[in-house]
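First chain A sits with chain B, and in the next complex the same chain sits with chain C.
And then the complex of A and B:
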């Protein structure tokens, strides 16, 4: 009897924690939008009728997709190098990749303020080299937000991918080569499919991370480059429009689920073993 | 199309360590040659050089009239079978087999048909749709074999292909490998550390040590007439006795051991005997007698072998092992002589 209950008892604390601090608050947030007197669809109609808010949604998706794609490419190349260098150098490179994660998001976004500002390092350098005559305004652009977010998420990508790439047996790659696969063929037909589980985990982490980001777009994008995270904050904390804020949250949850679902589908086509 | 494989004075380095020293090797068309040796002898390095995963620091590698020395690995057209099977875990058994054909631009229908036919030959037709993870070790190695054979390579190479299989399966698989290799007449290079495996499967065996080939011969010659003391030890000649000729009388030669024991040997039996040589014998090549001409020894531990008694013997210049008849039970500590059995012994050049 006790034996049969043991697994349930062991799972109980974590289950209760998730239930109390995740499911209930998120559920009640979403429920808010359904309890509108004007009908559950009304807040969403309001959201999509507003050109500004639609733009914010599209911009958020666009920035997140670009950030994810860039992080995947840069992270993959870096992870490939990390997986193939000898032991000592590998530890140093892993530490270098993890190091930025030890500081806060705000600190790292501030670093980009210093880099990209009117009197920032990049502008000074370009002026000094005589490549430009007037400082460029690089802050508060989509590019600034993307650059900072890629910088933020690449370490995450490297960590998830390095392990996966190291786990691909060398003789499997040699087998492909011996059977006539070109280096690119080996990459496309063997490495990429076998790295797919890690790639999906990494891409989902990066996508959800950038889709829900708040500090980076706030600091480097400002009002001009408002994203869903900043819009949510503004609705809830500035205008006290709780229904509007809940609507934004609900849309974010739905978009995230849809994108994750699509990515998993894509992964399964490349590697049928991805669960 | 059967072609020969030729390695000409090939050297290889890992960093600053030389792992192969001027290795020359020729595998005739249709022949199966094994590289046999303990780990670190350079056998796998040789295979990797031919496969193109390593570049030689000197020398040339030719397959038929093609020079492989600097050719990229994917253009070498060699079928490889690995110790750990190295199947593609994300592809079905059929797609694994068809992989090489796909690289060669063979259309889907044709490569599936060829893969199916090859799976039939290795007895795995029923498993074509399965993923490699759902196969046993023996089945995986059959798939790997089919995958290497289906591209009809002019050269097949095996890197310890049976090491991960259990004993019974090992014997079955090596018969299978030999059957398929013979049927296709494919020139083959087979790397193993297992002497029985090498001797049973090969036309010729190259025994390797420290980056060199010590002897390349048929299993029969290696087993009966090793060319040097390394090979002799490797094939079980436990007793290596240094001797010096003291007298020559026509065909008969008298030689003494370091301890001064004197033996008379016939050159009709042993062939020409140099002034200094090593007399090599397995335990059954040294007969234990109570008296007579031979090497005087003190008998040690006796073991019953069924067909004979084996004695660990001590002499002033080292230990020897000899066999005595079942009819004559000798006790440890007794004095006896070891008499070479002519057909079971051979004469080797002295060690450098």
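And then the complex of A and C:
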């Protein structure tokens, strides 16, 4: 009897922790949005009737999509080079990607405050070159948030894709070339399909990471460029509108789950190794 | 794979990697600037912003809280995560397959939603102390590392070695510590490092789980940044980057940095 229960007993503490402190609390947050006396979807009607909150949702989607596209393109090219350069240079490149990755989001966002500020390095450089006569206000713009977010996610993309690209057997590439494929043909018909599952996984990480971020939009976007994460905080801790905050939380959970679910299915279908 | 790289690709990649590292060097420069505002290139040279950190009590207390939470949370996550990972690999057919999805949930649920839900249900609902909820939040946050990274090590472990030890009369618990654990050591080290660095850098989960008297260093940095724009934050950032370098040195010495590309 004890023997039959052993696997369950070993898995129980971790399972109970997730159940008691994640599934139940998050479930209760989601439930409160459907248990309003005014009607079961009233909080969502309120959310979508508010022009400000709708704008925040659309802005968050827009920033996340742009960040994802840029991170995928930049990350792919950099990872491609990492996968092809000789050992010593490769180590340097990996260090250059790991160092920012392991440095916290606050420090990395802060770097962009110094770069883009009124007395920042970019303004000084542009003034020095005589390209502008007045310092530009670059902080608290959508561009500032996107730049910092791409900076945040490119290392993750590089390290995810470098492994994938290194895993492509060179025989496959040589075979394609010897059969007459052009370099672009090899890229489009061999490398890209083989890297697609990894690309999708990376893209999902970047999109959900941007969609639910807090520190970067707070520091570089401020009130002007509020995103879902900063809206959630503002609803909960500034206006004490807990139902409103729970609604924002619920939308974040639904969007994240739907994207992850659809994309992992797509990645599985596109995986040539499985098909 | 090997093919010739186009020179333009190499130039592009070189620029990318330079941009990845440059902002962090700019912080280093800003931290030693002898000015009361943040600027780069630094004007003059001073170490007073570094000594200033230690004059601000809030940085000291929150740094201690961050370390306590990161070490304790990581330890707790490994304590319950390793048995779970072991059970899922050793008794694969006797446990349902959805169980592994349960341990992905802390990654899947947005961190800020987790923090918000915990403060609502646990700090306010169950009236648990702020520090306890913060610790619970961080243990959950890093649990997936414990289960998945250690699990990956166990997946390549040959359990017939364990059976051999048991059939020769070694008690199961002793077998685990003398036979299984030494074989998955690298996975445990990796899980510890990844969990620790995730916890110490976390903002989104901690955001709601800090309260009067209890805060973490990243939350304190944001609070300070919103009031002052002096080089103190740059010098705190430099200290955190030194910590990152230390962690990287440990990774390189134990697993090799290429471990992170897998």
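We take it that the second predicted complex is superposed on the first by the 245 of 275 C-alpha atoms of A that agree within 3 Å, B and C clash if a C-alpha of one lies under 4 Å from a C-alpha of the other, contacts with A are read in each partner's own complex, and residues count from 1 in each chain.
Going forward, a contact is a pair of C-beta atoms (placed from the backbone, for glycine too) under 8 Å apart; a residue touches a chain by one contact, two chains touch by 3 or more.
From a predicted model like this one, the values you see are computed outputs, not experimental measurements.
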item	value
A:271 touches, of chain B and chain C: first, second, both or neither?	first
First (chain B), second (chain C), both or neither touched by A:73	neither
Touching partner for A:22 - first (chain B), second (chain C), both, neither	second
Which superposed partner A:169 touches (first chain B, second chain C, both, neither)	both
Partner chain in contact with A:31 - chain B first, chain C second, else both or neither	neither
Which of chain B and chain C A:260 touches, first, second, both or neither	second
If touched residues of chain A are counted for chain B and for chain C, the larger one	C
Chain B versus chain C as contact partner of A:193, first or second or both or neither	first
Touching partner for A:178 - first (chain B), second (chain C), both, neither	first
Contacts of A:45 with chain B and chain C, given as first, second, both or neither	neither
Overlap of chain C and chain B interfaces on chain A (superposed complexes)	169, 172, 177, 183
Chain A-touching residues of chain C, taken from the complex the two chains share	1-3, 5, 9-10, 12-13, 16-17, 19-21, 23-24, 26-27, 30, 37-41, 79-81, 83-84, 86-88, 90-91, 94-95, 99, 102-103, 105-106, 108-114, 116-118, 120-122, 136-137, 139-140, 143, 147, 197, 200-201, 203-204, 207-208, 218, 221-222, 225, 229, 233-234, 237, 240-241, 244-245, 247-248, 251, 257-258, 260-262
Chain A residues within the chain C interface of the complex	4, 6-8, 10-11, 13-15, 17-19, 21-26, 28-29, 74, 77-78, 80-85, 91-108, 110-115, 117, 119-121, 151, 154-155, 159, 162-163, 165-166, 168-170, 172-173, 177, 183, 186, 208, 211-215, 218-219, 229, 232-233, 236-237, 242, 245-246, 249, 252-253, 256-257, 260
Contact footprint of chain B on chain A as seen in their complex	169, 171-172, 174-183, 185, 189-190, 193-194, 271-273
In the complex, chain B residues that touch chain A	51-53, 73-80, 82-84, 86-90, 99-100, 103-104, 131, 144, 147-148, 151
